[in-house]
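Paired with chain B in one complex and with chain C in the other, chain A is shared by the two complexes that follow.
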Partner chain A sequence: MIYLDNAATTMHKPQAVIDAVAAAMSTFGNASRGAHEGALTTSRVIYRTRAKLAAFFGCPKSEQVIFTCNATEALNIALTGLFHAGDHVISTELEHNSVLRPLYRIREEQGVSLDFVPADKKGCVDYADFERLIRPETRAIVCTHASNLTGNRLDIGRIGKIAEAHGLLFVVDASQTAGAARIDMEEMKISVLCFTGHKSMMGPQGTGGLCIRGDVPIRSFKVGGSGVQSFLTVQPPEYPTHLEAGTLNGHGIAGLSAAVDFIQSVGRDTIEKKETALMMRFYRGVSEVPGVTVYGDFSTEDRSPIVSLNMWDLDSAMAADELAQTYGIATRAGAHCAPLMHRALGTEEQGAVRFSFNWFNTEEEVDEAVSAVREIAEWARP
Partner chain B sequence: MREKTLRLIVAFASTHDAMAFEETCLSRGVPGRLIPLPREISAGCGLAWSAPPGEEAAVREALDAAGIREQALRPCLV
Partner chain C sequence: MVRYYILFENYEQGLALHDLLDEAGVRNRIAPAPAAARGKLCCGMSLLVEEAELAAAKACIAAHGAVYYDIVGMENQLQPRRDRYC
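== the complex of A and B ==
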């Protein structure tokens, strides 16, 4: 199989990640639950992984790296725990449902009002719109770092400056960038960074988290066992315990730790350059094919390694199935949980076929995918 | 059953603090180890650092170096 669905999850993981998970599964006790060597071993790995991630993302305090099972859970924790009735939040049309649905929920259940910065036909925003939408009760800007549909990146450094200038919280969904793109919470003025471990970080599924910069109180999303302060009737107030009830995914976190080590040994910048080169090779190849429409802004290479396209008026689901069944190429069709983005692109009915690239892909695989697109487009020609 | 001995016990608000303190002590050569939180210090559960009674100065310096505010620091028979 040629795996080009890395925006959904990276299938090929570094061997060190696999080895770390396997080793953890035969040596780990329950972190924070006891002082025997099995429990302490796990607690130490989790502690060190927080420190690695804090350094990797520029989060000043490692105890404010909170582990979750994915970015969606991190976003739910942040978005349901930050706001109060009457608050106003600005987001964008680039968002995934992992941002949109928590926002819609707090609009319904907490009385928070929302505005969305629009995207144009190329999936780009006008940064002046962020300032235009700010009003006295605005509390935060919540946005993705990169669209999971087009790969277009938002300039989060620029948005962070806007947020800081207006005294707003800045919450970033880094699902499509963490691990590959440079992120510095301090420099980019990010208040809360939500990330997943299983995409461009190349770690195990079931890992992710949120990093909190500065004094940002977030209400507990879930409460329960903490391994400390057991006679308190509420979740202990200290981070990370405040937001981490129940047993953590220690095995997965061990793999995530190895994934960070892998990224740093290869070099994040090196990984990003290779992924960008693969994406641009594919983009240039398919752009020449008659009947192919590519979505997104390719005037810059500062984007995530995603190319979404359609061929004539061919149903994207049929195209993806043909790619999988005839050519052995894994892609993702449909709406990609990004309804506002599809609406902005005018692809609500047809959806799109998304090709997404990773460190482990090769130029040969890219060329095979271009050939497959050429053949399918020729077949679909009206 | 081991006989109880007098130790200097440090209690923490979170496992993260306990881990950070252990790392700091190891790097500074402060003797001791993590143990289950003794009931004489606090009811409940969690981790505590058990050090020889004469190491209070080194323990306090390690707490400062790690930036940790302890929940309790006192001698205890464990």
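== the complex of A and C ==
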């Protein structure tokens, strides 16, 4: 199989990640539960992984790195725990449902009002719209770092400056960028960074988290066992315990730790350059094919390694099925949990076929995928 | 013999000080926080230091502004030379 669905999850993991998870499966006790060697082995790995991630993302306090099972859980924790009735939040049309649905929920259940920065036909925003939508009760800007549909990146450093200038919280969904794109919470004025471990980080599924910069109180999303302060009737107030209840995914976090080591040993810049080169090779190959429509802004290479396209009026699901069945190429068709983005692109009906690239892909795989698109587009010609 | 338990609000605080004490050469080891050290902390980890190391441990804490909850001295309830049937 040629795996080009890396925006959903990276299927090929570094061997060191696999080895770390396997080793953890036979050596880990329960972190923060007890002081015997099994428990401490896990506690130490989790403790050191927090420190690694804090350094990796420019989060000033490692204890404010909170582990979750994915970015969606991190976003739910942040978005349901930050706001109060009457608050106003600005987001964008680029968002995934992992941002949109929690926002819709807090609008219904907490009385928070929302506005969305619109996207144009290329999936781009006008940064002046963020300032235009700010009003006295605005509390935060919540946005993705990169669209999971087009790969277009937002300039989060620029948005962070807008947020800081107006005294707003800045919550970033880094699902499509963490591990591959440079992120510095301090420099980019990010208040809360939500990330997943299983995409560009190349770690195991079931890992992710949120990093909190500065004094940002977030209400507990779930409460329960913490291993400390057992006679308190409420979740302990200190981070990370305040936002972590129940046994952590120690095995997964061990893999995530190895994944960070892998990225740093190869070099994040090196990984990003290779993924960008593969994406641009594919883009250049398919954009010349008659009947192919590519979505997104390719005027810059500062984007995530995603190319979404359609061929004539061929249903995107049929195209993806043909790619899988005839060519052994794994892609993702449909709506990609990004309803506002599809609406902006005018692809609600047809959906789109998304090709997404990773460090482990090769130029040969890209060229095979271009050939497959060329052949399918020829057959689909009306 | 009195031994001293450094108590914490969570494992992150404890592991951070453990590293600092190790780096400073202050003998310490991770131990379960004694249940008798009630307050709001009745489980979790602590750092155990002997009386001879206590001043150095406090100096290390002060030098780094390390976070901890309390330090409690407790008599060792076990007889170290007890008959282990060996």
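We take it that the second predicted complex is superposed on the first by the 382 of 382 C-alpha atoms of A that agree within 3 Å, B and C clash if a C-alpha of one lies under 4 Å from a C-alpha of the other, contacts with A are read in each partner's own complex, and residues count from 1 in each chain.
What we mean here is this: contacts are C-beta pairs under 8 Å (C-beta built on N, C-alpha and C of every residue); 3 or more make two chains touch, one makes a residue touch a chain.
Computed from a predicted structure; not experimentally measured.
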Partner chain in contact with A:T331 - chain B first, chain C second, else both or neither: neither
Touching partner for A:T347 - first (chain B), second (chain C), both, neither: neither
Chain B versus chain C as contact partner of A:L40, first or second or both or neither: both
Contacts of A:P236 with chain B and chain C, given as first, second, both or neither: both
Shared chain A contacts, counted only where both chain B and chain C touch the same residue: 31-32, 34-35, 40, 43-44, 47, 50, 62-63, 227-231, 236, 238, 240-241
Chain B partner contacts - residues on chain A that touch it in the complex: 31-35, 40, 43-44, 46-47, 50, 62-63, 227-231, 236, 238-241
Partner chain C, residues of chain A touching it in the complex: 31-32, 34-35, 40, 43-44, 47, 50, 62-63, 226-232, 236, 238, 240-241
Interfacial residue positions of chain C with respect to chain A in the complex: 8-13, 15-16, 30-33, 38, 40-46
Of chain B, residues touching chain A in the complex: 12-20, 22-23, 34-36, 43-47
